[in-house]
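Chain naming follows the written order as A, B, C, D, E and F, and within any one chain the residues start at number 1.
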Amino acid sequence: MLPMLSQLLKQMVRKPFTNLFPAKYAPKNVRKYLKDVQEGKAKINPPVEPPEWFRGKILYEKEKCIGCRSCIRVCPAKAIEFIEEEKKIRIYIGRCIFCSQCNDVCPVNCLHMGKEFLLATDNKLEENLIVE
Amino acid sequence: MLGELLFKTVIASIGITIFAVIFGLLFKGIDRKLVARMQMRVGPPIRQPFLDVIKLMSKETIVPENAVGWMYNLAPIICLASSIILLLYIPIGNFEPLLGGHGDIILVIYIFLIPALAMVAGGFASGSPFATVGAQREMITMMSYEFPLAVVIIAIVWKLSNIGGDIFSLQFISSHPIWEEVGLLGLIGGIILLLALVIVTPGEVAKIPFDVAEAETEIAHGLLVEYSGRNLALFYIADAVKMFAMASLVVALFFPYNLSDFIKLDEIVAYIADFLFFLFKVFLVMLFSISLVRAGMARLRITQVVSVYWITITLIALFGLVLLMWDNQYSIKWW
Amino acid sequence: MKYEVPIGPIHPALKEPILLKFTLEGERIVDVDVIASQNHRGIEWIGMNRNNPVQSIYLAERVCGICNFCHPSCLVMAVEEIVGIEVPERAQYIRVIQGELERIHSHLLWAGVAAHELGFDSLLHYVWAVREKVMDILELINGNRVTKAIIMYGGVRRDIKEEHVPKIKQMLNYYKEAFGKLAKLFLEDKTIKMRTREIGILKKEDALKLATVGPTTRASGVKKDVRQDMPYFAYPDFEVKAITPDLLTGEVIGDTYDRIVVRLLEVKQSIEIIERALDEMPPGEILAEPKIIKLLNQIKKAEGEAVGRYEAPRGEDIHYVKLKPGFEYLYAWKVRAPTYINILSWRPMLLDMQIADIPIVAASIDPCISCTNRVIIVKDNKEKVLTADDLHKLSVRKTRRLLRC
Amino acid sequence: MNWMQHLPAFIIAIPLFAAFLTPLIDRINKKARNAFVLIAMAITFILTIILFKEVLEKDIITYVMGAADPTQAIPKQAAVPIRIVLEIDGINAFMALISALISLIGLIFSFAHIEERGGRFYTLFLLMVVGMLGMELTGDLFNLFVFLEIASIASAALIAYEFRRGSTTEAALKYIIISSLSALFVLFAIGLLYGEYDLLNMAAIADAIRTTGLSNIDKIALILFFSAFALKAGSAPMHMWLPDAYGEAPGAISMVLIGVTQASLYALLRICFTIYVDSMHVIFPAIIIILGLISIFIGVTMALIQEDVKRLIAYAAVAEVGYILLAIGVGLYGILNNEVETYARKALQGGLFHIFNDILDIGLLFLVASGIIYITRERNLNKLGGLAHSMKYTSILFLVGLAAVAGLPPMNGFASKIIIYESVYKVSPILSIVAILGSVVMLAIFVKIFHSVFTGPKITEYREVPKLMLASMLILAGLIIFFGLFPDVIINNVVNPAVNALIENTDYISKVMGW
Amino acid sequence: MNAEEAMQKFQQKGYEAWISERTAGVKNKVKKISLWVKVDKEKIRDAVEYLMEIAEEYPHFSIISASDEGNEIILNYHFTLGYGKFLEEFIVTLKVSLPKDDLRIKSITNLVPAAIFSEREIREMVGVEFEELPDKRHLFLTKDFPEGVYPWRRDEMGVKETNKLYETWKEGLE
Amino acid sequence: MIPKAFKRALWVFHVNSGSCNGCDIEIIAALTPRYDVERFGIRLVGSPRHADVIAFTGPITNDMVDKVKRIYEQTPDPKVVLVVGSCGISGGVFHESYHLAGPIERIIPEAKCFYVPGCPPRPEAIIQGVIKAWEYLEEVEKK
């Protein structure tokens, strides 16, 4: 009649399914914790491993780019801007929708999807979010 | 004498308030943790309710412009105060209830209504349609569970009246566990009554499947929809205290046994052991009648709440009562 | 008291951006109105005025983030028909697998949300924990848990590699096991039954008249499924049969419970389809024209119109596309998501039900207002001047309320 | 002290004279009239207190109108009392105290809004008080009938006081018909008894019945008395006139009318407990209990569907009468079964205490409702709303009344109801359960009214009710809370003497008969 | 009844009708069939009624789409027929051309209740007036959307300016 | 004054202001066992009055402007805004549509926003957005 009850009692004694990213509970002092992590004193539980084809923050090999603007033409979000002076491009990650279409179209393969995805910020134009 | 009395009252009320808030929130934390573990999650730390309360206290307290200000602000205070007062009447471990005395069992039933009423008043006072729907639902729920609850309590009292004494006091009831006064039929009756009370419990503390008044997905927290900051914190604590008190009441009515009744212990040790044992009993009651039930069921509709309580549970409880009554005539001892 | 409860307005995406206004009397629903401007993002307009067809694939993907494979598929099929692009066989199979993976994820998501609407959070957590498995597979083969970005005119953009196959198979086995448990938890639970049986009934005639689609219509006994009636991709090879609740329960009532049954059975069906597709998948190319710029020029020259149809998890998707030579954009584009048409069925389902039923009945067509459908208080304009007439109305309302509850 | 001997006579005489003087003073000055009426009423009230104390100390007091030795009930030359005799024991002193108190409060309330044609109003008011007190103090059946008639006629006139609203006249007519009907019953019953025993004095009749046993005529008389007083007390199923009368009466009259109905209740008590108790069949308490349950049920369910504030409260009053009947019935049942100490005493305690509480609680609600009607000129619940924004004190007072009626601690309603619950379950647990449930439903009803009248958006700006109104409500609320907090004080000092009087009925007879 | 027969029936009735096809499937090749019927704007209700008459089950209404062709607006009423059985379904599209100077047409909601959303949408998006349409509020556009602007039109009544709000996001908040 | 406990008990009100649902389902996913943000004291609440964080998903459509403003007003101070998804940050794929009213900081300039880019972002990224908010709250705490 209430099949969930027995299921719950079973699950209660089982190990939780949770991936403890970044720590089990909220640390008392986040900034100290993050500093400790940088200094190697504390450990961060890693996020679920992203797979091989993961579409994260774009990597751009600027030297290889020939300024053909194909990527700009196909980008559905207009996340790519052409820098006239350098004949290169600039990608705004805050606009990008991670479709990787620019990767496919680039004739010289200078764009790749990286694996970085922890991009949260309070400044949407910060350095980390602009790829040149 | 008056001075002493006053002094005692003040100390007692401060003491009981601190006790109620701490243990209420602690058990709420345990409840949340338990439910989280049942759902394969890690869940919040056990101290989370304390954090929630501290946070809410520091937040802005908005009074919506359609609300009746004084009532809107008064409701949470009354709600919390009456929840705390409950604990003055309920025996805790080996400690006698601070206020107890004649008639407190009925008093407790009524005091249980007051937090709910305060919430209803608060809901009406907030002047939002969702709060109004919530308040109406709360009233209906209240009327529904009160019936079986009354049956259970009266049945116990009626049974105990055979032995005489101050039967309308909780202290008396908990020092004369019903199980010792009944024969086989009465034992079954007692178990049935316990079952009814266990089902009344989630209704009394407004938890799934009877939390229609606050149904989040339906009416966005209903009654509480307009509350914020300090007021919300008071309701939050009141909810926790009420949950603790209700579980304690179940313990007092049906499982009043103390450890020291079975094992010989020193006085102080006995008090401590009994208290811990009491907490353990409360924990068990909460696990089965609140945590497990709220995790394991879907919310009912208000009409279903009414029919479950008025028909199903009341019939069950009445059946228990009838068994207890027969028990006198066809007494078969079970021990 | 008669009062209006707005549900939404945070609705969802696509074609069906919604604010529902329920008129209630006490707890009973007496009228339902739909206001849909909240979520309108002008998708067709963007496709017709700003985007080239390749960009529009990603736009179509975001008509709805939940089933983000169906809209692009629909668009792609229509354009392929006009331009006359032949899709490689392996790509057809990959499309089927993607579509069915999405169906599993979407139905499980729905099941969780439905449980949540019933106040049954443990079930939400359980189902979503189970769902993580398919999310992992989707991330594995697509690179993102949600948006797939996989389909392209003339094929798919990424292959399913050898090393992926065992992982997918393992997932399928996991789901075969989980299915029994899910069915038990959903279909045997007394409280769920109390809340869904005989609730939100859509009769077969209404289902036909209101042109409902997908599980909503199948639960009412209409055997309608694009995969069966007019198969696309590689579906003709699988001979899919439309699922109706009588397969399990022996009768069709058309209530919310039946909709749960249909969706659960469809999960099972999807598992079988994926299994066969993996086994039978032919080798070969996956994209007819890998050069995107060339492809764009080819589409730019094409002329014609076509209708793309796709059986999405929530029902049939339709895209009408018209191309004209020399036109950089789609000349005309009309998107019809399933919820667009299913929403009409709320009215017959909800009339005379209670407030408590709104969430689950509304969710039962899987409108993707799902978790967003928490009711938000939209307060009346602050300076509301009450006239004598208003007061009269107020009193009439109150009378009714008092008489009723 | 000599004048103390005449105390009972003064209690009736003072308001009676005041009633006749009021129109005269009214001609001179309205303020003076008000002061005069107030003083008369206050004196009466003080006298009832003194009387009560006297009864406590001296036991039963008898007073014979116009006799040389007014305390001697039976004149030397006769074997039985023959003149107009006032006989006071715990129970009627208790009732008189309540009646006088409630009249005083009602009067204060009335000052706030009765100005125009006030002379007539206050005369009627005082006459009603006279009737009520007379009924409660007399020891003679025929006098009882006379006072009953005085009270009925005065009340009917008061109900029709706001005759410009047509419905008041209708209610008054209904009331007068019902009253005459019951008076007729009473008169008939008196006639029967007089014919049989040649007696009118209650104690004497009781004595006679006791010695001769219950004859068929006695039985018929009992049934007649019973129906008449139950009708006047507003017990279901004879309650239909009550909502009309209470609902249409102006201001505080609704409240004082409760006193009048309770005077009938007193008469019922007197008949059952004093006259018939020894030879009564247990069917009678059973009937009383059943009537009590029906009253609770009907009161609650009918209250649920009312739209008029005062009518709604009137139905709540029916339910409250039900509680009283329930307790009294159980008490009587216990006495008949010789279970006095186990539960009958307790039940009677609860019942009598509840008489007091009922009048305070329902009275407070009536006053609040009248205040609201006075301010808003609106009595339909559906058209009221949002008053708490502007009438803070009134709404708080309403909350007090609400909690009291619903029997929530720490109000007096709880104190008496708990005694009722604790005693009646002995007869059957179901009685307690129904009683508890009745209060919970009542609570829900009043919360709903509270919502529809006081909360919600502000519709119109209103002022608070006048100060005098607030003052009278405050007195009631103060009493309610005091009784709730210290129920023992009241039970021991006020209720218990009355209970004793009911239980020890022979004392009454023997004292009056001069044994 | 298959698409061929339906086409003949419509042709007999004097409508211009034709069929387009597309193959699908890998091992099991099947045909997806669309039937297109040209309908005069006065006859739209007749055509829908006729459709209902020849269909075995209630014809499934899908959507109305629109395209702006310069001087005229073409409305396409998409239906599907013969659903429920493997491979028997086909699409029927009724094409109606409306001259821009008289954008009025009869509503079909009395025949097909499901069309109400579609008609409301077409009404607000391209400015076609549906006679006897029971509900004339906006469906997707806000209530205060400017009068006389129809997003799907390609003439001067369409939306010409693109929304520049999101172009300035880069410059920060000014 | 913000107490230390504040950041460990954030209650979130989620507003879909025109999103495609992609981000919304990831927010829900963050609540479910795999990610379980309740560990951090985070709860999704049904009324803005209870909220400390308002999570917006999607670009703001014309019709949502009022509602967004009102919800922001109804939320008691202190509060922060979490913008989940690229389209909320910059319009993403929907930019230039006639029916959009601009990014959130145009509508409520005084809000303190945290952005989580991604389309949709992974639940972990949303958690990281919360971590950013914690850091900010800690800074405010000090003052």
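One rule holds in what follows: contacts are C-beta pairs under 8 Å (C-beta built on N, C-alpha and C of every residue); 3 or more make two chains touch, one makes a residue touch a chain.
Since the structure is predicted, the reported quantities are computational estimates derived from the model, not experimental observations.
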{"item": "Fewest hops from subunit B to subunit E - one hop per pair of touching chains", "value": "2"}
{"item": "Remotest chain, subunit E as reference, centres from CA atoms", "value": "D"}
{"item": "Chain centre separation in whole Å, for subunit E relative to subunit C (CA means)", "value": "21"}
{"item": "Subunit C and subunit F: spacing of chain centres that average the CA atoms, whole Å", "value": "25"}
{"item": "Centre-to-centre distance between subunit F and subunit B (centres being mean Cα positions), rounded to whole Å", "value": "36"}
{"item": "Intercentroid distance (Cα basis), subunit F paired with subunit E, Å", "value": "39"}
{"item": "Where subunit B touches two or more other chains at once, by residue number", "value": "36, 38-45, 66, 132, 136, 140, 216-217, 220, 225-226, 295-297"}
{"item": "Multi-chain contact residues (two or more partners), subunit E", "value": "141-142, 151, 159, 162, 169-170"}
{"item": "Junction residues of subunit D - those touching two or more other chains", "value": "448"}
{"item": "Subunit F - residues contacting subunit B, complex", "value": "1-3, 5-6, 8-9, 32-33, 36, 38-41, 45-47, 49-50, 52, 74, 76-78"}
{"item": "Of subunit F, residues touching subunit A in the complex", "value": "4, 7-8, 33-36, 39-41, 86-87, 89-93, 95-96, 112-119, 121-122, 124-129, 131-132, 134-136, 138"}
{"item": "For the subunit B and subunit A complex, residues of the former touching the latter", "value": "34, 36-45, 292, 295-297"}
{"item": "Of all residues in subunit F, those that touch subunit E in their complex", "value": "59, 62-63, 89-91, 95-103, 105-106, 109"}
{"item": "Residue ranges of subunit E touching subunit C (in the complex, touch as defined)", "value": "20, 22, 24-30, 32, 34, 57-58, 60-68, 76, 78, 80, 82-91, 93, 112-114, 116-117, 137-143, 151-152, 154, 158-159, 162"}
